[in-house]
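Chain naming follows the written order as A, B, C, D, E and F, and within any one chain the residues start at number 1.
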Amino acid sequence: MKIAIIVPITGLTEEDMEHRRKLAEATVQRGTKVEFLKVGKGPPSIESRYEEELAAEGILQKVKEAERRGDDAVIIWCMGDPALGAARELVRIPVIGPGETAMMLAHTLAGKFSVITPLGGMMMQIEEQVRKIGLSDSLASVHALGIRVLELRRDMNKTKRLVVEASREAMEKHGAAAVVLHCLGMGGLAREVQEVVGIPVIDPATTSLKFAEMLVELGLSQSKATYPKPPKETD
Amino acid sequence: MKIAIIVPITGLTEEDMEHRRKLAEATVQRGTKVEFLKVGKGPPSIESRYEEELAAEGILQKVKEAERRGDDAVIIWCMGDPALGAARELVRIPVIGPGETAMMLAHTLAGKFSVITPLGGMMMQIEEQVRKIGLSDSLASVHALGIRVLELRRDMNKTKRLVVEASREAMEKHGAAAVVLHCLGMGGLAREVQEVVGIPVIDPATTSLKFAEMLVELGLSQSKATYPKPPKETD
Amino acid sequence: MKIAIIVPITGLTEEDMEHRRKLAEATVQRGTKVEFLKVGKGPPSIESRYEEELAAEGILQKVKEAERRGDDAVIIWCMGDPALGAARELVRIPVIGPGETAMMLAHTLAGKFSVITPLGGMMMQIEEQVRKIGLSDSLASVHALGIRVLELRRDMNKTKRLVVEASREAMEKHGAAAVVLHCLGMGGLAREVQEVVGIPVIDPATTSLKFAEMLVELGLSQSKATYPKPPKETD
Amino acid sequence: MKIAIIVPITGLTEEDMEHRRKLAEATVQRGTKVEFLKVGKGPPSIESRYEEELAAEGILQKVKEAERRGDDAVIIWCMGDPALGAARELVRIPVIGPGETAMMLAHTLAGKFSVITPLGGMMMQIEEQVRKIGLSDSLASVHALGIRVLELRRDMNKTKRLVVEASREAMEKHGAAAVVLHCLGMGGLAREVQEVVGIPVIDPATTSLKFAEMLVELGLSQSKATYPKPPKETD
Amino acid sequence: MKIAIIVPITGLTEEDMEHRRKLAEATVQRGTKVEFLKVGKGPPSIESRYEEELAAEGILQKVKEAERRGDDAVIIWCMGDPALGAARELVRIPVIGPGETAMMLAHTLAGKFSVITPLGGMMMQIEEQVRKIGLSDSLASVHALGIRVLELRRDMNKTKRLVVEASREAMEKHGAAAVVLHCLGMGGLAREVQEVVGIPVIDPATTSLKFAEMLVELGLSQSKATYPKPPKETD
Amino acid sequence: MKIAIIVPITGLTEEDMEHRRKLAEATVQRGTKVEFLKVGKGPPSIESRYEEELAAEGILQKVKEAERRGDDAVIIWCMGDPALGAARELVRIPVIGPGETAMMLAHTLAGKFSVITPLGGMMMQIEEQVRKIGLSDSLASVHALGIRVLELRRDMNKTKRLVVEASREAMEKHGAAAVVLHCLGMGGLAREVQEVVGIPVIDPATTSLKFAEMLVELGLSQSKATYPKPPKETD
């Protein structure tokens, strides 16, 4: 099986990319090949609806490319799920949004979850995303760490400490029974935090990879009744 | 007052544009100047989520341009409200989405409304849009005319007849008490249809213009708590 | 265009009325005439569901009178929107409820709003009103100033200070991204408060006037499918 | 125990009143006294929101009177529950709305119910009422018999036949598992219809009486946090 | 009339049982016979979903037995309403769940209520129950006393004090306008607490008994469209 | 990895069991062992809430047994998810409900889905289940085949034909964009039906197995804040 991971931002260091590659390879089963596709054009990082739009065109090109070359599934490697609906229209192979996947999982395991995001400016945008996914009734709260996306991995001890603090506040003040990390840059942190706080902590990176594998093996993909081929597109 | 209307598609004939210009000028009050800004790059028409994404970058450039040159409000002239959230982040002047505006009005006047769209392929996308706007409980049904967007104005008698039929089905089978025309290409039809069917028929073209004027005169705009300036943007 | 404003309470001083008249006249466009119609009978002020009922009959008489004499729209000048549904049944001209109008606008501009009301006793009644309007999911919180309606304008500096404090609490503790002033007696305060707190503050007085103008110019009114003529009424 | 039944309409024949009295007396337990209080002023029947408002003042006077003279509970004998919230503010004794009571019961017994109303013009008004009560998700459909309120009892065989037909349509086409009769004029029909259609048919007349008895015996009444005393009222 | 009360737990002392018997007998009207049926097998108390399942089989046997011997209604004497749906399938006589009944009543009297439960571990389970009943929008909060179920009656002064404290927190911090006691072991406390806190306090014991009497007298029971006879069961 | 599949019914033929075993083994990845655990006591099949309760105790014993002997995950092999919440309290290993899993997947892939169930009597029960899972807004309709559970596999051509017919009705009349097969007895049919109808058809058997594998590999399980250990249970 081949899974394409589309990286929609251009500001990652080679070290960051290397970390993600290793995490991805350690996650999938034997026999699954993972390839990271970097967009030709896109914002350095995505911290607003505006940057989601800037990233869209690059994402959509790579989605088509992935299908053309025979990949079995595509992941749009950003928690806001930019261009997810459009991508699902363009291809028949499953397109996975890590945000949607992580929240569905949190809802299933816990019934009530909180979201932890790097920057405060995205809180209302995340509430919108949860409403779009149809899970507003399960959202306990949204918490911001006050760190820029590209700085998350500078001091991982600090990041982890802040995630633990936010998780505890979510549990104690808002009744959260699970936590969703709302940035792929926090990938790899979930298990450690989970051990400390004792409730499920959902890592969007590993979760979306396993979800992609599951869909491929089940022969399932997005509904073409919901996401029909755009009428001007040819096969 | 100056209102910029951003036309996000490139497939309109000069005649179509002329029709829209006249409709717009006949709608605004004396003293309001309306200017149509055509995007440099964009799809011929928007009939899918994919084409909404293709249109986004052109829209956002024009939104910034409008603010820079001193316009008082901006309308994104497409019922799917493409790039609406991103545009609202970029500027301080009000950005109006005709889809959102028309549906809020239908909800206020009638409590329960149906949407009439040119093509069947957009029905689930419209349900998503209504959910995003927060009005799912007021949506009676979505109806498709089976006409391509750029052909709506070819035979206006046929288009009108189909809109009347769809409106009646919405009323009789689904309990709709108002109808929203989900394409700017149907602009100008609403009053005639309304006279025939006897319930409010919301024209997104005229509605969004008057709504823009209202916001400007009230000194109101989108909330910067909901749509903060993207952190990498400078003023 | 002629807009009738029905004042459903009898306790306003001549000075209060004068203030409202000036505000209204300063709000409408040139060519719009605004006339205040005082009910013959009604409570001194409306601070409960009971007083809403006491006001209803006087309101409905004036609504009919306004249509009979040729007014183009009617505003029921009270945030609780007393007798709004009944009034919409009686006439064909649009009947505007400032409460409904202000909340729809707050929802559109911000997605999440709080309401500021003079007296604590009306908090549950306001939650009921928001549910009736269909916007419960957007309500962040309701705040009371602890001032009686007829005393709001005694010390406008104090009132303004309390509104600012309540707005800040709404933003910081409840995530509000806009504020609705739930009393026509706070009319005129919104712009000043908005400058201080930095999020949209919706003034029901000016908002409902501009909304009325918009409906008239669009040729729109309440749906007669939703608000049919009462069967015993004759035209 | 003494229960006051407020009849908010003036168009009932003496025979109608006699029928209701007998039904009420046959419903309550030994030891409960039921008294019908007719409003001094009110519409002949209530078939619109407008007539609900016309009835309000008369209802509220009788509600106060009932408490003053020592009644233990008050029922507002109309399915639209006119002036219910206001009445609950005015007194400490429980005020029962037959519409609310019947729908809560239908929801509890069946999870999904339909409403049968005399006239088609009230269908949207009933949907509003159900939303206000908070049970929209349980409403399967609303059906109209096409009979005026004051004619319901002219030909009871016809009325019963139409109710059975509407109930069957509700069950077969809309999945209703219970039916609410939305007019006190259908009082007494429920048991017969229930035997024919096989699902619970809720009679607002008997239901509200037993509900009133239950509240009195439990020492329960409306919450004064929700329905506070109007501030200008004295005890 | 004969009402069977099924006690699904085996850990009650004879003194506890005696208290409940007296409370029940003091609650019903003259002519109603109440009989407590203890399950042959079941958990000592119910403090988890697991113990609800352990109790189910014993409950269902007793429900059938009650109908067979001619009882008019059955109450499952536990706030979690264990096996309620299954029991309603098995018999034609009404089966009452104290949890559902108490919450419907709180919703009707107050619009917004809080739940007070002995143990913290049941808080999410109660939220699930409220969602199942369809009243999530009315739930203000859930509070735990930190007492085990079988110890509630050891020190009734302490229990009462804790209930008053929790009620006040529910009112002041969460806007509750009524309180539901979520354990039959708190039966009898409600009136005293209500006098102190001033909002309705719903006692599941007395409430479910009066509700059962009401249903029997109205000739109403659960809908067989919702709760059909299990296909392998014979009459 | 070892996954335990608990078969909660006793009426399956050896042939049926063999079919399920083969399907399961063909579904999991190399290295995953699947073992079917049959309950010692339980109903022949589950076609009602009553039989769900009868199955519960047997299920819970097997769930404990599975954890004790070192299994990594447990699936309760019935679409109604009987005893799911209780089972999740008892153990730390993930407990999967095929109903919940299949519906979450349908929601993610399509936004709007229908459910196909063998018997008409379970339609309201399924609506309850969907509400409990929190996906009511995504449910287009429920369809019954009119076949008893144990007869589903007698004539698989007939069963398949009926499933195709129901799927088409769901799509055309109710706007379904995916279909969930609501019985493990339909396991294996999904792919064939999907090819015919062209929208995702979710097979609960294969879906729940892959979902179980995914959770185990992600190190995720149900939240102990939502499903705490029952206080009387010891580790």
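One rule holds in what follows: a residue touches a chain if its C-beta (ideal position, glycine included) is under 8 Å from a C-beta of that chain, and two chains touch if they have at least 3 such contacts.
The model shown is predicted, which means the values in this text are computed figures rather than measured ones.
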item: B-D, C-D or C-E - pair sharing over half of the A-B contact pairs; value: C-D
item: Comparison of B-D and A-F by number of C-beta pairs in contact, larger one; value: A-F
item: Distance from the mean Cα position of subunit E to that of subunit A, given in whole angstrom; value: 43
item: Distance between chain centroids, defined by C-alpha means - subunit C, subunit F (Å); value: 52
item: Two or more partner chains touched - positions in subunit C; value: 111-112, 124, 128, 131, 134, 137, 177, 225-226
item: Graph class of chain-chain contacts, one of line, ring, star, complete, other; value: other
item: Touch list for subunit C against partner subunit E, complex; value: 123-124, 127-128, 131, 136
item: Parts of subunit B lying in touch with subunit D, wherever the complex brings them together; value: 111-112, 137, 175, 177
item: Parts of subunit A lying in touch with subunit B, wherever the complex brings them together; value: 43-44, 47-54, 56-57, 60, 83, 85-86, 88-90, 119, 121, 124-125, 128, 131-132, 134, 148, 225-228, 230-233
item: Of all residues in subunit B, those that touch subunit C in their complex; value: 27, 29, 94, 100-101, 104-105, 107-112, 134-135, 137-138, 171, 176-178, 191, 194, 198-200, 202-203, 206-207, 210-211, 213-214, 217-226
